Amino acid sequence: MSEIVEKILSNYAGETPGVVGNLRKMLNTGTLAGTGKMVILPVDQGFEHGPGRTFEPNASGYDPFYHPKLALESGCNAYAAPLGALEVVANRYAGALPLILKLNNSDLLGDPGAPASALTGTVKDAVRLGCSAIGFTIYPGSPARNTTYQQIRDLIVEARESGLPTVLWSYARGSMSKEGETALDVIAYSAHIACQLGAHVIKVKPPTSHLERADKDTKKAYENIPRETMEQRIRHVVKSCFDGRRIVIFSGGEAKGTAEVLAEIQGIHKGGGFGSIMGRNAFQRPEADAKKLLGDVMAIYKS
Amino acid sequence: MSEIVEKILSNYAGETPGVVGNLRKMLNTGTLAGTGKMVILPVDQGFEHGPGRTFEPNASGYDPFYHPKLALESGCNAYAAPLGALEVVANRYAGALPLILKLNNSDLLGDPGAPASALTGTVKDAVRLGCSAIGFTIYPGSPARNTTYQQIRDLIVEARESGLPTVLWSYARGSMSKEGETALDVIAYSAHIACQLGAHVIKVKPPTSHLERADKDTKKAYENIPRETMEQRIRHVVKSCFDGRRIVIFSGGEAKGTAEVLAEIQGIHKGGGFGSIMGRNAFQRPEADAKKLLGDVMAIYKS
Amino acid sequence: MSEIVEKILSNYAGETPGVVGNLRKMLNTGTLAGTGKMVILPVDQGFEHGPGRTFEPNASGYDPFYHPKLALESGCNAYAAPLGALEVVANRYAGALPLILKLNNSDLLGDPGAPASALTGTVKDAVRLGCSAIGFTIYPGSPARNTTYQQIRDLIVEARESGLPTVLWSYARGSMSKEGETALDVIAYSAHIACQLGAHVIKVKPPTSHLERADKDTKKAYENIPRETMEQRIRHVVKSCFDGRRIVIFSGGEAKGTAEVLAEIQGIHKGGGFGSIMGRNAFQRPEADAKKLLGDVMAIYKS
Amino acid sequence: MSEIVEKILSNYAGETPGVVGNLRKMLNTGTLAGTGKMVILPVDQGFEHGPGRTFEPNASGYDPFYHPKLALESGCNAYAAPLGALEVVANRYAGALPLILKLNNSDLLGDPGAPASALTGTVKDAVRLGCSAIGFTIYPGSPARNTTYQQIRDLIVEARESGLPTVLWSYARGSMSKEGETALDVIAYSAHIACQLGAHVIKVKPPTSHLERADKDTKKAYENIPRETMEQRIRHVVKSCFDGRRIVIFSGGEAKGTAEVLAEIQGIHKGGGFGSIMGRNAFQRPEADAKKLLGDVMAIYKS
Amino acid sequence: MSEIVEKILSNYAGETPGVVGNLRKMLNTGTLAGTGKMVILPVDQGFEHGPGRTFEPNASGYDPFYHPKLALESGCNAYAAPLGALEVVANRYAGALPLILKLNNSDLLGDPGAPASALTGTVKDAVRLGCSAIGFTIYPGSPARNTTYQQIRDLIVEARESGLPTVLWSYARGSMSKEGETALDVIAYSAHIACQLGAHVIKVKPPTSHLERADKDTKKAYENIPRETMEQRIRHVVKSCFDGRRIVIFSGGEAKGTAEVLAEIQGIHKGGGFGSIMGRNAFQRPEADAKKLLGDVMAIYKS
């Protein structure tokens, strides 16, 4: 038993043993097992951005077996994907690697009017495929807010009944500037909303030092919140997640250079972030490079 | 057994013992136990206004344990919060302090088109977390009226089946002027609607002497209703709540000075109001100040 | 057993004994018991128009006990109100006075876009409160027609399963002139629609001699339908309700003078109307006046 | 056993005995029993057009008993009406005359935005009232298509579970010219859609020789389809109904002269139509005339 | 047991034996039995384009028995049609020929606002009719995306519970140019989405060499993807379907000349496509020609 893991899990003291058990399993898997940190490999970009754009940079990725193998061999804590991709691989990987079924997805072909992913999987699918958690994306700031929040409200209840925790992707989008989507105040607010909705693990983008909301009270509050370094900004986001009592992890965002990625991870780690969910920056590189990068990232989190 | 509490509860004579029992528990808790008055600490502003803006003024508030502790130690009758925050603390506070789960919430990041909070929790969650009541916000005046009223209609039925009473936040918003949202006629009307919807406890803002509705009959009626003092206005609101047969309490509104707060409480008390629901004015002050203020407020209600 | 009541009930020959039994109870209650006529006291104006405007003219009405007491002591056949008001009084009046739960309501604070009341109570509430019928408002002419008709379609089925008949308020509103809302052709049409939807008791406004629909066939038909006197117009409305095989009663409309009210009642009675549903004209007068008026109205229906 | 009826029923070989049995009952009722032809009396015009306009031409029709009596005495195969009217008469006519409950209806008072009838009855109502089939109206061409088609999809399944076949009124309306609503290509298409939706009996209007759709392929196809006479046009519509394997009957449309009606029936009969559904042209005439006309119509179908 | 079929089925290793069994049955039926290739005859054009336009070119097609007979005698793997047509023939063909029930359909008479087919059949219907699979159409690119994806998400789950696999028609339509609907990147993306939604068999149109999406990453990716020949383009689409782990078949599109059809089939075959779904190009020809063409197509797939 890892003391640090058990301390984190004590923040979920009212949860069912089924849900806590799956969180424990994810935290005790892979290279970072027992450290209280997580690195998750998510591959939903085929759905979200199209297969050519997503997999052509490293064509091994057309094969849905490539990703869970990469996750397992790199020592990731879990692998997340939409329904179809998991259906291909679950028979081989369930029980070997924690799987997270993304229950909603968006694509770039059409525009449903307001940022809102379509429901594409069910909790029963997650159970059938031997998953350890469900994943879901909300877009705080979307005019479709009520529909989406009500969907995840009901899915969390249903997932709990099957012993599954919920990983919530919280991406502000809609009534704000492009820059505002990663503004510190917006990221902290998006993470807090995800916590309040009952998510067990929250995933947001690394915040910039930009501030978006212009009301007097928000501006006043942020005068006292240091935000120059990534470490400082991460610290505020973690604080906004029930003072560090919820697992909050950060995406890598757009594909970029290795040095840039690792610097960001350093900031996340120092600021108290619980880890990373790293997709394109990993699987779009050649396999060896990807493993090297994931290894380096994990080394930082173990440091 | 407090005679005054039992007299209030006799107004709920047709209710189930489960629902009446939870009302009795809340009325018999804390400093005001047995007085028939209530002071509730609500903390949903992290969700509604953002975490930085809400908790930075008193940074202890980032920790969700801070609030129920403050409520308990200050002698509040109950503590109300959204799902996520209650999930963190319920394991420790259920049974020690009446908890109210806010079942819907709004945020400032987006705009769903019409004032309407998103459903963010379920009655089953309230039961699971050991709560004593559910909370819900309606916005009389919103074009989304029918959807919202129908949601609370169904939730009240479901809550009753679990022995839980309903606390209804009734905030007029939508087709009226900003000033009209707290106009005496609008506040009285909003409180009356909440009563008619079957709420057990109604929460509205303290009314101003402004009148919003301009139809002949309303104007004529208000010629005879004194509305210069807060006491007079509260009296009319209480009368509009089935002639005082429903517990109606008042919010503190925006953060303001201590003297101003206490003067308002005096008016509420003299006018026959059943108490206060006081959030930002309490938890955004330093802990000692907050306890002092809550103590002073309770002293007025006991006077 | 009243022969006239049994004759009316024979028009509901295919109904369940539970539903027929509650109709029988209402027809055999109060001053008009056994006459086949009904006077119902409805008090939903607090919700529909606001409490100040509604109850200030006779401030006794702020107390929800005032109305069922007035109904009982005046010899009314039934008392109708929204959920909240009935919840206060049902424990005392169930079994003593037939109660009708209004299952949907509208208010004047906001505008849901199209005339359509919000669902504010359930059939289970009506059963729980010991009611003898459910009440519901439709607005023929509203763009929200389909939603509303489908709601009452389902509620009637559910009410029947609990042995409760349905009283349908049918108020034309929407795609017509203000004058058209009480036009003879529109009132007759609205009443007919309510009958076709399966209502057991239909309530419409007294029609004027105005004609609204301008299509050739409607105009031709009304050339032969006398409509100068209230008696003639009522006769056409009753005929439009399955040739008098459904109980159709008439509202008093806006508050007005006693002579005017009684003259209208005379017309309704002579035209074969089954009675009145009289709210504001009754409860906004001083108690003694209200009882006198209701007594005079009932005397006409007994004549 | 009528050979011709059994041959028609063999087209429903996969159906349940309950559904086939009710079709058999309708085909073996009245003057046309055993001929494989049907004349149905529908009276939903009180709802659809208003009671004055509908019943004043023959005032006996205000009485809902008039119509099933007329249907029975005229030897019709079935009588169709909305919920309320059937509830008045079902107790007397169930078992004596096949009854069809129209499950959706429209009215002329309002406009729900797109052609779409409101659900006004349930399959359970049809069972309770001893009906032999359900009726439903679709408006191919309406922007509300998906909602309406999905309603009838579910109702057909539910009706089958109670052994009830479905009669589908298919009236093109919406995105086409007024003339197009009865164009041959549109009527054939509307009838085909009704067949594909699973209707057992399809009712359309008699087609004109007009063609509405202007796409190249449709125009080319209709170059070879003769459409000068009603007989030719009916033949194409029957062919479009699975090559005559579904019972397709035709409405009489607007009230018109006797000669005109009978000429149309001749065309329907010669073209292979399965019969008529004749409302206004029958019940708006004096009783004797109506019976004479229905007798003449049936004589043609027997010829 | 066909090794090649079992190899294909091994890609569905996590599926229920019921679902796999029906896939196996379809792959082991007809001329192509055991080859791992499929040719399906779909006839939903009567619904989608109208009966005259669809069946007049070969008038035998008005008879719904013509098509399954053609499919059976031509050695097709399965026959797909909407509800009504299958209801006519299922009693004769269930068990003799795999049937696929198309659960949603669109028509050309109206426009529901956004590309979205209406639900016209249920999974229970498919079971009742002895079908081997359900069919469904999605329109990636439609503003109605979320509704449609959520429908198929639920239908796949329900179909699986009855042992039925899902064939998904994936036609990009909506926010793109007409040319873009068959662009290689769009077709590959549409096919990938269908895979991710959990389809077992995917049907798309043969792609052109056009590219639709103009974002930098997509353009870059397609620089390395050869797309001059049909074979190359098919190869990319198959790769986009989980690297060939899902059965992807291609429609014939608009009716065209025999040589053109066979050339296209050659490309599909060489590119690794799993077969064709060929409607108009088959059933609109005279029977003998249709059988000849289908035979030639199958010969290519066997080569």
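Going in written order, the chains are labelled A, B, C, D and E, and every chain counts its residues from 1.
We take it that a residue touches a chain if its C-beta (ideal position, glycine included) is under 8 Å from a C-beta of that chain, and two chains touch if they have at least 3 such contacts.
Worth saying up front: this structure is predicted, and the values here are computed from it rather than measured.
Listed here as common contacts of subunit C and subunit D: no chain.
Comparing the residue numbers each copy contributes, subunit D and subunit E share less than half of them at their mutual interface. Superposing the C-alpha atoms of subunit A onto subunit C requires a rotation of 145 degrees, rounded to the nearest 5.
Subunit B and subunit C have centres, each the mean of its CA atoms, that are 35 Å apart.
Centre-to-centre separation between subunit B and subunit E, using Cα means, comes to 57 Å. In subunit B, there is no position where the chain touches two or more neighbouring chains simultaneously. Judged by the touch criterion defined above, the protein chains form a single closed ring in which each chain touches exactly two others.
Those residues of subunit A that touch subunit B in the complex are listed here as 11-15, 140-146, 149-150, 153-154, 157, 172, 174-176, 185-186, 188-190, 192-193, 195-199, 213, 215, 217-218, 220-222, 224-225, 236, 239-240, 242-243, 245-246. Across the complex, subunit C is touched by residues 46-47, 49-57, 62-64, 82-85, 87-88, 90-92, 105, 107-113, 116-122, 124-125, 128-129 of subunit D.
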